[in-house]
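Chain nomenclature is as follows: A, B, C, D, E, F, G and H, assigned in order of appearance, with residue numbering initiated at 1 for each chain independently.
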Amino acid sequence: MNSGIKKVLDRVASGEMSTEEALKILKNEPFDDIGYAKVDLHRQIRQGSSEVIYGEGKTAEQIIGIISSMKKHGQGRVLITRMDAEKAAEVAKEHEITYNEAAKLAYTGDLPEADGIGKIVIATGGTSDIPVAEEAALTAEVLGNEVERLYDVGVAGIHRLFAHKELIMDATVIIAVAGMEGALASVVGGLADCPVIAVPTSVGYGASFKGISALLSMLNSCASGVSVVNIDNGFGAGYMASMINHVK
Amino acid sequence: MNSGIKKVLDRVASGEMSTEEALKILKNEPFDDIGYAKVDLHRQIRQGSSEVIYGEGKTAEQIIGIISSMKKHGQGRVLITRMDAEKAAEVAKEHEITYNEAAKLAYTGDLPEADGIGKIVIATGGTSDIPVAEEAALTAEVLGNEVERLYDVGVAGIHRLFAHKELIMDATVIIAVAGMEGALASVVGGLADCPVIAVPTSVGYGASFKGISALLSMLNSCASGVSVVNIDNGFGAGYMASMINHVK
Amino acid sequence: MNSGIKKVLDRVASGEMSTEEALKILKNEPFDDIGYAKVDLHRQIRQGSSEVIYGEGKTAEQIIGIISSMKKHGQGRVLITRMDAEKAAEVAKEHEITYNEAAKLAYTGDLPEADGIGKIVIATGGTSDIPVAEEAALTAEVLGNEVERLYDVGVAGIHRLFAHKELIMDATVIIAVAGMEGALASVVGGLADCPVIAVPTSVGYGASFKGISALLSMLNSCASGVSVVNIDNGFGAGYMASMINHVK
Amino acid sequence: MNSGIKKVLDRVASGEMSTEEALKILKNEPFDDIGYAKVDLHRQIRQGSSEVIYGEGKTAEQIIGIISSMKKHGQGRVLITRMDAEKAAEVAKEHEITYNEAAKLAYTGDLPEADGIGKIVIATGGTSDIPVAEEAALTAEVLGNEVERLYDVGVAGIHRLFAHKELIMDATVIIAVAGMEGALASVVGGLADCPVIAVPTSVGYGASFKGISALLSMLNSCASGVSVVNIDNGFGAGYMASMINHVK
Amino acid sequence: MNSGIKKVLDRVASGEMSTEEALKILKNEPFDDIGYAKVDLHRQIRQGSSEVIYGEGKTAEQIIGIISSMKKHGQGRVLITRMDAEKAAEVAKEHEITYNEAAKLAYTGDLPEADGIGKIVIATGGTSDIPVAEEAALTAEVLGNEVERLYDVGVAGIHRLFAHKELIMDATVIIAVAGMEGALASVVGGLADCPVIAVPTSVGYGASFKGISALLSMLNSCASGVSVVNIDNGFGAGYMASMINHVK
Amino acid sequence: MNSGIKKVLDRVASGEMSTEEALKILKNEPFDDIGYAKVDLHRQIRQGSSEVIYGEGKTAEQIIGIISSMKKHGQGRVLITRMDAEKAAEVAKEHEITYNEAAKLAYTGDLPEADGIGKIVIATGGTSDIPVAEEAALTAEVLGNEVERLYDVGVAGIHRLFAHKELIMDATVIIAVAGMEGALASVVGGLADCPVIAVPTSVGYGASFKGISALLSMLNSCASGVSVVNIDNGFGAGYMASMINHVK
Amino acid sequence: MNSGIKKVLDRVASGEMSTEEALKILKNEPFDDIGYAKVDLHRQIRQGSSEVIYGEGKTAEQIIGIISSMKKHGQGRVLITRMDAEKAAEVAKEHEITYNEAAKLAYTGDLPEADGIGKIVIATGGTSDIPVAEEAALTAEVLGNEVERLYDVGVAGIHRLFAHKELIMDATVIIAVAGMEGALASVVGGLADCPVIAVPTSVGYGASFKGISALLSMLNSCASGVSVVNIDNGFGAGYMASMINHVK
Amino acid sequence: MNSGIKKVLDRVASGEMSTEEALKILKNEPFDDIGYAKVDLHRQIRQGSSEVIYGEGKTAEQIIGIISSMKKHGQGRVLITRMDAEKAAEVAKEHEITYNEAAKLAYTGDLPEADGIGKIVIATGGTSDIPVAEEAALTAEVLGNEVERLYDVGVAGIHRLFAHKELIMDATVIIAVAGMEGALASVVGGLADCPVIAVPTSVGYGASFKGISALLSMLNSCASGVSVVNIDNGFGAGYMASMINHVK
């Protein structure tokens, strides 16, 4: 944990964080027990960003309570994922949030300045993969990254991808989002010289088995430098890409 | 069955078949019962090519017996698939065969003249897919097709495939053979304007699940004009491609 | 790509295509970027038919936009698959379409003259397989094929199939559509001397696992000359059959 | 149990069983505990035939011990299944057995007179299914049934099956043994007017998944009057068929 | 087919069938093509009972049409399975039917006299399995069998089953219906000396995987004389049991 | 059964049970046949607690009937699981019950005194696992156990679990409830020196496959002293934990 | 950890452990890093028994090294599981061990006195399940339990189990070991009034899928008080049972 | 590709690459066609490192040929993965290689200087995971990274991991290698503030399904910043980690 504290101090030293903010964080108990949840207040120390609220399976009341706890303890920007429009409307009555319905994602406050090493490029195989891609894109933006969207460049018309080869070559990290046979990840992985995070989506029917086909495809990619997150896990990909884009 | 008989007569009329051969065929019982097998003698009438012997799970003695029955009843070139080297050596003692060890395939007689509409191109993702590709290639050649081999052009280095785009564009049918994530079929399917037969192979490890990953990938291809055969089924792909190349 | 251009020129030379149409196509950018989609405008050059719109997971607005882009760039007849009745009604307000509710398929313009090598026969195991069969049939008709429908000839009463043996023997390509145990594909494959495209359907219950049983059955067909498309993929089968029926 | 005793008495009354045999059975403890096994000695009372020894996973010594126990307690003919040749040779040193290597099955004593209602027909899709079929056939014969073998009549050449339609129509029970896509069961089920026991075999490769494809196919048979046993379970099918053939 | 005709004649000879009925049947075309269906009119000749209408995936109109066709051609009692209450109400407007909502099954006419060899006992593991059991029971009754219901005798309280051991011992066929772990089939199979048809049901949750657990359990039964039908396939079990109960 | 009777007598001797209650139990028939159910009345003798009603797949009427039968025969506290709010409202009209909507569980009468060896600790990975945990907690309380709830201590912020290490070390049994990757069970199992019952939940998405991922994780736990119940089976875990907490 | 230390002290106080042993344990570093392994030396403090060596995937040299490390640090009796005979012979050259070949299990030193609450009964479905049962039995004995073996009492001849009902009723914990359909666990669970640990075995063939069938069966047991460990995990069951038998 | 060329030039400018090397690379054909393989010679331009040879399914002769082709065209250090000892011995006769038998990996030349951003930490759950971890470690070292090994720190004794928390907090990238339930990835992911690459291994038995359990576990990790590669894919993890450690 010391290294975490050291990071907080480094941020204070470099002016990234005010003494007040640091004080609040360092004085925190490691978590706040609010009965149905033990809100992790040291995650910012441990991992450099506040806890993220996974909205599915939580009631609007529970989400509101967790945001309140986080705010009370000086946790910065709060990210809420997998929250449907109805719950979002409930939450918006108590807390000011920006909500993206396609991505089912909300956050409090403004988007931060991008402070990563380079650019994150997010490519999708088709139009139907966009909601997952947007979850990744917004997550990355909330975490301080410049994001470039490159949608509907699947391998059925591979010239659409090749027309953007420069973009692929200039990326620091690429997120490849695709359903059906998920071949996009391999093709992008074969072209790029940066890490590729592959996100299988549940887009497809029949033997796509709600994303299993794309998932297996991506895990077996013959291209090197490709790793995979869970089906439809745009958040996970955005978070991982941000970590890579902030490596030091 | 009448249309089958008509075809035999047409072949006689056109000189493709001698009256003797036709007579033999038309006089045949529909099958020869040799106990452990009922050798299909009308398949040439029904489907235009003799029965093929699936060697796996048959003893060398049984294979020899079936070839003998087929020869006795005037069936032409005999194709034996999935026969290991040991059995092949046994069979070679009784019948003159040409055997390809990688493809585990044998045939009697010479390769026929190619009489198809055009060319069958067989592409593989990697070097390890070659045995399956050869099963397809030899099957097609035995059935009277011109075959072009295009091996190791997987998507991890997609420029190797693009360097042969002309070949792809000139094919009448393409067989795409690949293991791991099987993305080759989709990329080829997106480029070509002819039917593509996809053959998943059991090449890979871990979550490739002995070809399931490639199989699912190919079934879910986002490219149109791709159909799929069983894992490692080079024979099936070669046979189907030949049928397409002889369509009328 | 040159061969694609050559084909356009050939079509002009043979009068299949007017100079105006050809000009429009050749002057096209390879795709039109409309944000949520990169509409493939060179597919007609590459593959001989316009891009097909996969309706599932797209909003009516997106479908309308893509049709508009295609029309603007001189793409001919547009095919939209997997579009439910509600979306179709929305689309119909902007573009003139013919819609088939069972098949969930629409197209713009009239059906073309059939110009294939022969006839495509589409057989189903039962009455419940008809929607998938119709998707295949209409796709094939939109792509210029003569189609013969042979519905409810499953193996539980195999004399119904045998009563139409002549039809089977005269086909250029057969599409076998079946759920449950999918045995139809093997039986048809054993009788026919032309390529058979097998379409597993999700018809059944329990251990049919929404089409997996039929899919596996068809992939393992002991009959030669059978290849398989995804579960319920009538479109894919119709497209593949058309390609075979237009082979050259 | 009373009805079991009644049956023993009935058999004595009808002369099927001697008083000595009956006495032995009725005096038996319900089982003999020999440490590694508790040999079921009342099964003949409960179910009309002695316990069957499943040889797999038992040592030759254990098998010998169980046979000894059964003999000592007057159990009649003993059937041993899934015993490989090596174990069989060991067992043969201690007990007189008839062993069939293909079926991996042995029995003590002679085959009994057939005393069933009619005939059991056993059909296979191919030559490779014969070992499983023989396990079924011998089991049925050991249990007192007339068996007719109809091998290699798979649907790829369906005329071979149709040539034996009379046999199908005359059967009391049919056992349909097939691997790959297992379509034989449905076709036979559609033709026959008697119960059909379907046995999927592990014959095939790739997506046959060692018999799963055939198993699912048979479970989903669109023909009525078909029930299924475990993959490669020839014994189970033969036993079930015998029960049906002796129904009263 | 001759043996089928012979059976019709036998039934006439024995007075089971009037000359008029027989005439109607023998004069029939083998099937009636009504577009969306080819109604099998020779099934009574081939299999001794009329075609059964599988209601799922058919519209009420289609069901009505098929019943009409069957009636017009003198087919006796019509059985319709898997028809929900709404469709049943529609059908009832056109044809007089008896409908059982739990079993989702209807039939025309009265139940016939039971004319089987003995009694069919239908046992269930729990109360939730009753709908599937009723589908089996009614099917068997429609086909002329005496049925005894033995519900909620699962192995968690095995004395409930043992209290009815006499019933088990007296049965001619037993149908064991169970979800969850499906152990009932094995326990019944170990006790009974008649054929047992096992029906896995989709009752359960979690790792019951909608009946897969029970299905596998039943396929692997260590008891002999057990065969299995598809998950929730009460009809199939009832039909098979009736065939066994009418064996000759 | 004798030992069961002995236990009843022991309870009378020790004053745990009145002579009247004992009399009622001992005079009971082993079960009450009410048609759709055979209510197990000897379970208290056999297993020390009354039968539990599994509410899913039963109608409110059936549940009411079973409670009535149990009450009539002097069965104590009745537990009903997996009963949705609507059915609970119906049942509440006839019988006095306490209902917990999250856990979908009801019981008659008051909670008993805790009389176990020690404390049952129930830990969850997240907030969304609480309903399953409550089913376990209430079951255990109904069966006479002291329960400590420790919710939202998943491994993503492992210090939350470590902050309660004393609780873990003091438990007599621990129930670990988690979805997603289910790692909680292994971590708790590695820390605790008492039996751990792991309950996988269906919380998660994509490759969590409705609890399969957590289930497999828990079955493969590298920590010793962990056993597993079905996905979402809070009841089973609570029951098992209670048995362990009452071992003698 | 304090409670762990307290337990050591308690054992010293009660004379269960000598001051020397306690000293050694309390002075230990928490683990010994020997490169390829970090031997857990505090497990005895944390969990009351030394670390167990999982032999599979370790070389004989590695196993020898770990035993040496454990001995050097005063860890008592060492248990090694899943070690084949060849490795055992190697290990025996360096350390004195008792080895059971069927169970593939070894331990150092003598078996301790049984000091549990009661008896552990271990039942198997068949003879082939004995190796897994012996792994459980020996593990329990090494951990200080009295074990009663009850082998070959599967449900196909359920009277063999019922003949030992007293044993079942007297047990403190029962381990039910079975392959194939694994019904034994449910039947035992329905009879017993103590916790049942179910161990699925990989005994069976075809659709037993190497133990999956039994595993699912046991997870879905309709009997209460049954929890499950991994396929063939006799060790895990023995360990869990011992924990239950020592609960306080 | 231009950006690739630019990178070569940049490397020349910075002195990382000599003009001779650069010339060789820039003059290269994009690939060398040696029949059974098309050796990718532009991968260094495209991706910054030479092609890697996947040894499985290739003969020693083929591997030798590919190395020769790469050397001839000035490709630097060659990495060969999944090559067993026998093939390695063959290859070593023709080319000088360093071979690690546990990891089944070889490379030509010396290990380069580490030039990454920081340190790669590789942690394993157990001793049996070491071969996969070594494949990752050596791959990373060949690609110019400093690697720290942290073996046998699985969650069953979590204090072993916690004793190395500093190491975890100082890493630039972590590779977590684990079989069985794979919980290590989640625990490490929850502690670390850098990207974690999870590698499931096939270590385990029964329901570990050769790594599927660990794979699913890792895909469903509740910790953020974890992505996954194929089962046993140490190479893929090492390559990905190196890319991250060289991000710019």
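Everything that follows uses one rule, which is that a contact is a pair of C-beta atoms (placed from the backbone, for glycine too) under 8 Å apart; a residue touches a chain by one contact, two chains touch by 3 or more.
Keep in mind it's a predicted model, so treat the numbers as computed, not measured.
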{"item": "Co-neighbours of chain D and chain C - touch as defined", "value": "B, E"}
{"item": "Distance-maximising chain from chain F - centres being C-alpha averages", "value": "B"}
{"item": "Chain centre separation (chain A, chain D; CA means) in Å", "value": "60"}
{"item": "Separation of chain B from chain C, taking each centre as the mean of its C-alpha atoms, in whole Å", "value": "25"}
{"item": "Cα-centroid distance, chain A relative to chain E, in whole angstrom", "value": "54"}
{"item": "Shared-contact residues (touching 2 or more other chains) in chain D", "value": "126, 156-157, 191, 206-208, 212, 215, 219-220, 224, 230-231"}
{"item": "Pairs of chains satisfying the touch condition", "value": "A-B, A-C, A-F, A-H, B-C, B-D, B-H, C-D, C-E, D-E, D-G, E-F, E-G, F-G, F-H, G-H"}
{"item": "Of all residues in chain C, those that touch chain B in their complex", "value": "1-4, 7, 46-48, 52, 117-118, 165-166, 169-170, 172-173, 190-195, 197, 215, 219-220, 224-231, 235-237, 239-240, 243-245, 247-248"}
{"item": "For the chain A and chain F complex, residues of the former touching the latter", "value": "30-31, 35-38, 40, 42-43, 51, 54, 56-58, 62, 82, 200, 202, 210-212, 215, 230-233"}
{"item": "Contacting residues of chain G [partner chain D, same complex]", "value": "126-128, 130, 151-153, 156-157, 159-160, 163, 203, 205-208"}
{"item": "Residues of chain E touching chain G in the complex", "value": "125-126, 154-158, 180-183, 186-187, 189-191, 204, 206-209, 212-214, 216-224"}
